[in-house]
Each structure stands twice: as structure tokens, then as C-alpha cells.
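To keep things simple, chains are lettered A, B, C and D as they appear, and every chain counts its residues starting from 1.
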Amino acid sequence: MFNWLSPLQVFTLDTTMITTVLVVAVHIAFRAGLFNLAPLGFAAIGGYTTALLVTKQHWPTLLGIIAGIIGAAVLAGLFALPVLRLRGIYLALGTVALAQAIVIGISNFDFTNGTLGIDRIPNRVTTLELMILLIVLFVLLELERRSHFGRAAAAVRLDERTASGLGINIRRIRLYSFIISAALAGLAGALEAHRTTVISPEQYGFGVLIPIFVYALVGGDGHWLGPVLVCWAIVVLRQYIDFAGSAWEHYIYGVLLIVMMMLAPSGLTDPKLLRKLRFRKSRRLRLAAERAAADEAAAVAAEVERAARSGGDPVDASTIISQAPSIAAAP
Amino acid sequence: MQQFINGLSLGSSYALLGIGVTLVWGVLGILTFAHAQTMTIGAYAALITLDRGYPVIVGVIAGLVVAGLFSGLMDLALFTPLRRKRAPEFAFVIVTIGVSQISDAFEASRTRSQTLPFPRKGFPVEPLTLLGRNVPRLSLVMLVTSVIVMAMLGYWLHRTKSGTAVRAVAYSRDTGELLGINSKWIFASCFFISGTLAALAGIFLAASSGQLSHSSNDAILLLAFAVIVLGGMGSIRGAIVGGLLLGLVSVYATVYVSSVFREAVAMLTILVVLVVRPSGLFGEKATTRV
Amino acid sequence: MIKIEDLVVRYGAVVALRGISIEVEAGEAVSVIGPNGAGKTSLMRCLAGLIKPSAGSIMLDAQRIGGKAAHIVSRQGVVLVPEGRAILAPLSVKQNLQMGGYNQPKAEVKASIDDMIALFPVLGRRLDSAGGLLSGGEQQMLAIARGLMAKPRLLMLDEPSMGLAPKVVDNILDALRLVAGLGTSILLAEQNASLALDITERAYVLVNGEIVASGAAAEVGEDLLERYLS
Amino acid sequence: MSLLSVDHVSRHFGGVVAVSDAAFEIEPGIVFGLIGPNGAGKTTVVNLITGYFAPTAGAIIFDGGSVAGVSPFKLAARGLARTFQNLQLFEGVTVLENVLIGRHLAFRGKRWQLLGTRSREEKTQRAFALDLLKQLNLESLADADASSLPYGVRRRVEIARALAVEPKLLLLDEPTAGMTRKESDDIGELIKSVNATGVTVLLVDHNVRLVTAVCDRVAVMDWGETIVEGEPAAVWRDQRVKDAYLGTGRSARLAEADEFVVDAQAFAAAAASNEGAVHDQD
């Protein structure tokens, strides 16, 4: 089916699809206002779980992958209590630390084969399967975004305090977002293990996280499509830059990041940016807003007029009080 | 005891590192990922100067000036427009990642991705025997330098007019401008100073290891952030204490846990500190400056 | 002294000011009255140099100041006391005042601080406490004193009454009258029409980014009456 | 039985006493006014009632259950909704979405369905939200970005969002701060009509005019204490209220003639993040 692609292109395509799952994992957390930088730690859990179960216990691949997802989610649930007490940049650092701790654990245990990693993991993930999986994932993401949960998560990101006052259980939304994020990362890690057939602790380092973090931020937290498109655009771009030599790749990548942030500092799917574009198009909305503004203008005019007529002399409080019932009686 | 000394000497390099970061991250609130490359640029400039046969002091000054200018120009060219747009915090982070990509590629192409020997001649590298223990003399110099720099920065920020202006502008750029303070130059000069401090750390580290490569400081970046979190945001004293503590933890972790993930053990310490005391050891309020 | 002509301020697609013209003579106290969102703050911030005008000119005597950076405008003697006070919370009261006199000679800053303590004795008692710990009224006094430290020719105030107890507003108004009496021109942006008309000689009414009426206190009302109610 | 009973509540912040002795009861179905000078502790009382702070001493009973130590979201589920003094709409989100976020609790038990905009529940809630907007004359703005609207309109949207919770008790924290007379009269009418549908209202405001016009009972706070409680007309005649609140000075009268006075706490919050306050205005 993919014969028309070169092996290298198929490899890149597969890698990108798996990276996309990781990007989405970061995005899901961002959308609820969580700067979660632990996905690579959870990807390691997913990868090692399936690798160990499939190679040593001879589980079927599918069950191994599912176990990887569950393993990552369970671990996220266990660490959520301390980690989710943090906010903002502190949460980011705390989650980096958590991811590192997971990786240390893996490289210090015997059953994970320490720093050497695991090889001869069966290669059982095809490009077509990945593609179908990604499409299913996108459909789920879009449904979830429009769902009630998606709306509540966005509310928590925008303003926790207010969201809480409207009956939203902030802690639960943050917890679920964190766990879903970890589960997706676990999925990505498991898929990666079954595709490359070899894993070792060092492939889950901080350096690997940076590009994923960049895609999620440049894409913005307004819509999952933003980070995904940024990820794919940069991959495609890299294919072309590659011909120019590796130093140029870094130069162009660096310049691109800078230029994008200068043009859209809040990311490409900043809801305000998108809404503004839409507002400019909609005549009806503009008219309604203008009418509201005009009403206010007339009200102010009356107000100033009244103040000026009384010559700046304030009305006595008692007269106001005596007038008040008539206001109440007015329709 | 020897472990303790080793820990302190590792910590003294972390402390020096932390001070450079604390000025821009802790005080101005900009998290820069280009700090590692700034260190390397400074060390590289020093290396070129030293290779031409100039004395150590000239090499160090060349390194400080080059890295300072790099950092200051980065602020003027990139952060000034971002500030004018009132860009969110993370936009700055992404831009610094872009800068670090570019400068890393530049350093790599200049050094052809080789690890270069760093001339140690003229640096106080011979170990010192103190109370029967080996004390690396360079670490002692680093520690003393850190403390001096800390005292100077603290005095400047809290006791002088220009330092007060830095804090004014860091708190609110608009208000500072309204009072007649040229915020653009205040930010740029802070970045210049931060760049020189990065270079100082870079040169010390290169001299103590005797080598330099374009990627030799990459791993250290997270550590610098860790130092700040441990010490507390915006606290210069915290950067030193945080650095020393982190050095000790790393060394003891290496002895009792595993040498491979020394940095990772440090990160674990950070997680614990964050959860137990989110404002760090000397921080004011964790929530106000995020 | 300051003359604003056809000033337009835009934020992307949103127009905050739609070509307004305002003039303040030397020694005059003028107010700009308007509701929340009318563009008062945009006007003040634009005059102070924090926002670049999209069109129009701002002249200080024969000098163009429109579009210049805020710190330069401030050095020319056009000083804004912003909405919400903008106290430098981590700095002490004294340091706040010192920053107000950032471009003044050192000796004069000392003398000016003494003047400010004379004007607002409460600040003298709290010189060493952090600005952020002051009460709302004290902060407003500090903000005004800090503005005066720059020895302004034109002092602009954006909603100085906002959020303050009536008694405190009285104190601040008294201080402003005193300042005006010393020859400093004042441009006051206020939502509260009665209050603004009470302490300034002339007023502009700003609604939805446009000046809808202007003139002496009494005239403003008639002007509006004609426009809206006839 | 009263719907809300605030029983000799106090709250300290470090050494600062924000509320020393607040006591009042609100019968179901009425509009209750809470007024007082700046810094008297009104907003602190609101935050205590809605679970954002826990009282240092005293008890707050809402609808038969204690409020102390209960999170705001649980209190919302029990029928308590509020607006904020410094107006906290979700920005970059439409008016309709703002109200739909307020419908969160109505989705209860159907949390896991992923059918998005197509689901029957979503359609029901959307219809409910649109109906609510219609009642508040906001339906033409349903798709507008909340942050693009004039101030007075945003205040109404915030009230609509609080009503979307379908509260038994609606707390309005200075809903007319920064409003012109006409706008605040409109809010007064809105409060009346909301109350007519059976919602009990606690109105915290400075505006004597408004409070007199819409409130059945009034409590006056001063220095963290409720000093007088009763029917508005009687309360205004009380000498203690005249001393503490109405006063006789020129500005005092101004304060009541117009609504320019906002609570000191809103201001303190603005000053604490004055960068934000300076920017957000436009």
C-alpha cells in the first residue's frame, strides 16, 4: 500500500504519526492549564511495559500495548496527588523531575536490563494501522473537545477560581486531564517500542521533549489541530531542509520558531486570534455589539447631562432615598 | 568528608550558574533556554583568545564581553518587540529555544562538532591540600567569585538607583516607563550582565574539565533551573545556597545510588522540594511570579 | 500647552479612539468624562506614550510628542498617574518616590520627597514600608506624589477616585486643587461626572471613542441636551 | 427557616481582621442587601459564604447544611451562585459558551458522553442557555466574544452565567460598580425580575439608591461587623448607619448620588497585579 514511498519516507511517516500522539498528549494537559512535561516518562512506562510483557511473558502485542497504556495511566494517578499541587512553571519543572525519576528507576532495575535497554521487541505495527489509529484518535479528540468535559477543561484553564464557583470540580478535571495525557503518552511509547524493536532509557531524555513541547506551544492551546499541524508542517519542512545539510536544518528551525512567535505570540490557535478573524467577518455580530455600545453612549449622555444641570452640586442622599421607591415601581 | 568537599566544589559551579540565571529568570521573569549556549559562546571566545597566546585575564574578559553582547543583543532584537506586544511568558521561552538552536548550530559548525582542548595554563587548577584533604583550587575560586558576585548584585539591586530601576521595570514595565525609565536599556543591560555571568561559569567549567564542545553545557541547563527552584525565585542568596545543596545531593547520590543519572537524582530532589516547599528555600511567594 | 488633533487609536480591528481633538492650556484643569470602555484610558496611555497613535498629532507647545516612547514623554514633563495606581509593590514608599524623580538631580529628589511628605503627611509615616502594603487611599496619594516628583508641566490622572472611600476622595481632591493652584496643568479622566465637573474648569465628554460634548462645566450639559434630547 | 444564616462569623488574615463579627439571616424568596463603607469586609463575607475562604470562627448555614470547609464547586451544586466584584468572564470565549460553562452541573451524571454538539443533552442545555440569554436581552450577542463587549453588557453576561447554575441563592458582589445610573437601574430591574422567579438574592453594593429600590431587608457593615439590620427605610434612619456610612460630607453624598465607589479589596487586587490592571482596561 505504501510501496510508492521510500523506506526512509515510510520510517519518517511512522515516526511522525507516533510523535503526533505525544504532541496530543501534551496538548490535552495544556488545554486544562497543566504544563505537564512528563509525557516522555509515561512514554517510557508504556514502552517498557509492552516490551517486557511481550518479550518475556509472551503476551500478544495488542494486550501488551493496552497494558502499556494502563500502566502509564495508573502511575500518573499515583503521582497526581503531589504533582498536581503545583501550578504554572513549577508544575512544568515538577513534571520534568517526575519524568527523570521514572527514567532513573528504569535504568537502575535489573528486570529492565538497566541502561542497556531491551531489544528484539517484535515489530508488529504497520503504517496502515498507525494511520487508522490516528484517524480514530482525531475523531475522539474532536468529540471530546466539543463535549461537556472539553468545555469544563477549557474553563479551568481560563480561570480556575471562577470555574470552581460554577460547580466545576477543578481537582477532578486536572486529574483526568493528567491521566488522559499520561495514557496517550503511554500509547505513543508502546507503539514506538513495537516499531523500532529496541528501547533504552536514554531515548526518553529532556532533549527529545523540547520539540514536542514546542509543537504544542506554537500550535496554541485553543484547538488540538494547531499543535498537530505545526508538528507535521515542521516534519515536512525538515525533509526539504535536510538536503541543505544538517547545520542549516538547525538554523532554519531556529529562525522559524522565532518568526512564528513574533507573529503569533499566543500560539496559532489562540482563541482570541481566531475569534477576531471570525468577528471581522460577521456583520450581524458587529452590528449587535455596536448597538450595545450606542445604548451605553446614550445612557452616559443622559448621566452627564444630569450632573451638569445640577451644576456639579451633588444631590443629597436623603432625596435619593426618597426617590428610590419610584424607581422600584417603574416597569 | 572528601565527598562533602567534592559536593561543595560541584555545587560552587552550580551556584555560579544559578546566579546568571536568577537575574533574568528570578528577577526579570524570563526563562531562557539559550543560557547553555551563552556559556559555550563565552568559553569559546575565551578559548580563541587564549589560543592566540593572550594572557588568561584577557581571555576571560573577551569571553565575558562576547557572551554579554550576545545576550544583550538577543534581548534588544527579540525580547523588546515581544514585550511591546505583551506576549505571554511561554512565547519568550520558545524564542530562546529558537536562539539556542541557531547558536548551537553555529558553535557546532565553528568547532566542526569536535571537542576542543581548553588551555588550562594560567588557571588555578592544581589541587590544594587543606586539613589533609584534596580541595580543587578552581572550585574554591568559583565559590569565592560566586559569593562576591552575589554580594555585588544584591547591593546593586537593593541599594542603588539603577538597581532599583531594574526592580521597578521588572515589576511593571509600563510603570517604569511612565516614571521616565528607559526600560529597553534596563532589560538589555540585565541581559548583558547575565551573559557575562554565564560566560564566567562557562569558562570556569571548561577550565576545570580542560575541554570544550558545542554541546558540553546542554545537560547543565535543567540544573540551572533546578538551582533557582531550590533556592527560590528572585533570591540571589538562594541561588548560591541552592547551587551548593544541589552539588552535595548530586555527589552523595552518585556515591549511594548511581553515577549515570547524577543530574536526574538532582531533579528528584527538585520534585521533593517543590512539593514540600513550593516557594523554595529563600523565595517569597511561589504564586506571584509565574 | 498641549494640543491633540484628530487622534486615532486602534487595537487590531478594534477602534478605541475615533479622531478626537483636545487642548489644555498652561495652568488649566481639564477633565475627560466618560463611562467604562469609552476610551479614556486609551487616551491617557496614548498621551503618555504607552500606546502609539494610529493617526493624528499630539503637540506639546511646538514639539511633537505623539508616538514617542513613554520615558521620553515623561522627561518632557507630561506625566501620567495611571488607573489602578500602579504602585511598585515590592519597593518601599521612599523608593517609589525616588523612582518618580528618576530623571531629576539627586539633591532635588531629596527636597521633593520632603515636599511630598508635607503634601501627604501619611506617606512620611510609612516611608520604609513596601508600597504594596499601603491602603487604597495611601496608594493613590503615593501615586500622585510619585507623579509630582518628576516636576510635571502636565499631570494626567486616570480615575483617581476609583475604589476609594468618600473621605479619602475628599483628601485627594483637596491635594489636586492645591497642585493646580501651583500652576501645574491637570488632565483628569473620570467616570464620575459630578466629581469631575466639580474640580475642573472645562470638560470633554468621551463616549465610544468620540468627543460628544465639550466646554465649560455648565455648557457641557446644554451641548448634550441639544445633541441627544431635542 | 432561613435559607442562609451567617452566625457571628469572623475571619482573620494573619494579624489582619477582615471580618470580626458578621451576623444576619436571609429568608427564602427575598432580596437582601449588604452594604457598608470600603474595607468593611463585605466581599470577605461573600467569599466566606461561597467557600473561597473558611471562617476563623462562627458558622455559616446554607439551606440546612454547614458551609465551612466545603469547596465552592460543591456549594454551587447545593444551589449557591455568585458574580465577582471585578467581573470574571471567560475571555476569548463566546457569551453562549460562558453561560454553557455555567450549565456544568446540569450535565451531571452524563459526564462521559462524547457526542459533543450532537447529543440530546447538549441540545437541551443550549436551548436553556439561549432562553436565559433571551430573558436578559442578550440573545443577539450569543456568538460574540465576551471580551469584545461593553462593560455594562459583560456585567449582564456574568449574571446570566450565574443564573445558569439555577441557584437558590444568587450572590451579586457589586454588580453596578462602575456603571452609570441608567445601567444600574437596569440591573435593579433585572434583580427584581430574577427574584420574581423565586431566586433569593444577596446584593452587596454601595449604591444606596439601588439597594433601597430592590431590597426587602438590608444589613450594614462597618469595620467587619454588621451594625444594623432591618428594612431599608428604617435602616437609613438609624443614627449608627448615618455615622458609619451615609455621613454628611460632600463626598459622602456624592458617593451615593453616583456609583463611583468600588470596594477597597477590588482595588487591592488590582494594585497587587497592577500590570494587569493597567493593561486590561482596553
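FYI, a residue touches a chain if its C-beta (ideal position, glycine included) is under 8 Å from a C-beta of that chain, and two chains touch if they have at least 3 such contacts.
This structure is a prediction, so every number in the text was calculated from the model and none was measured.
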| item | value |
| --- | --- |
| Most widely separated chain from subunit B, with each centre as the mean of CA atoms | D |
| Per-chain CA centroid nearest to the all-protein CA mean | A |
| Which of C-D and A-D has more C-beta contact pairs | A-D |
| Chain centre separation in whole Å, for subunit D relative to subunit C (CA means) | 31 |
| Inter-centroid spacing, subunit D versus subunit B (mean Cα positions, whole Å) | 48 |
| CA centroid of subunit A to CA centroid of subunit C, Å | 43 |
| For subunit D, residues contacting two or more additional chains | 148, 150-152, 180, 250, 252, 254, 257-258, 274-275, 278 |
| Shared interface positions of subunit C, touching two or more other chains | 35, 37, 82, 86, 89, 193-194 |
| Set of subunit B residues in contact with two or more other chains | 171-172, 174-175 |
| Touch list for subunit C against partner subunit B, complex | 48-50, 69-71, 74-75, 79-80, 82, 86, 88-91, 95, 98-100, 102-103, 146, 150 |
| Residue numbers on subunit D that touch subunit A, as the complex places them | 50, 52, 71-73, 76-77, 81-82, 84, 88, 90-94, 97, 100-102, 104-105, 107, 110-117, 121-122, 140-141, 143-145, 147-153, 161-162, 164-165, 180-183, 185, 188-189, 192, 208-209, 212-214, 233, 236, 246, 250, 252-254, 256-258 |
| Of all residues in subunit B, those that touch subunit A in their complex | 31, 33, 78, 81-82, 85, 87-91, 93-95, 97-102, 104-106, 108-109, 218, 222, 225-226, 229, 257-258, 260-261, 263-265, 267-268, 270-271, 274-275, 278, 286-287, 290 |
| Subunit A - residues contacting subunit B, complex | 82-83, 85-90, 93-94, 96-98, 100-101, 103-104, 107-108, 115, 206-207, 210, 214, 217-218, 247-251, 253-258, 260-262, 265-266 |
| Partner subunit C, residues of subunit D touching it in the complex | 37-39, 148, 150-152, 178-180, 247, 249-252, 254-255, 257-258, 260-264, 266-268, 270-272, 274-275, 277-278, 281-282 |
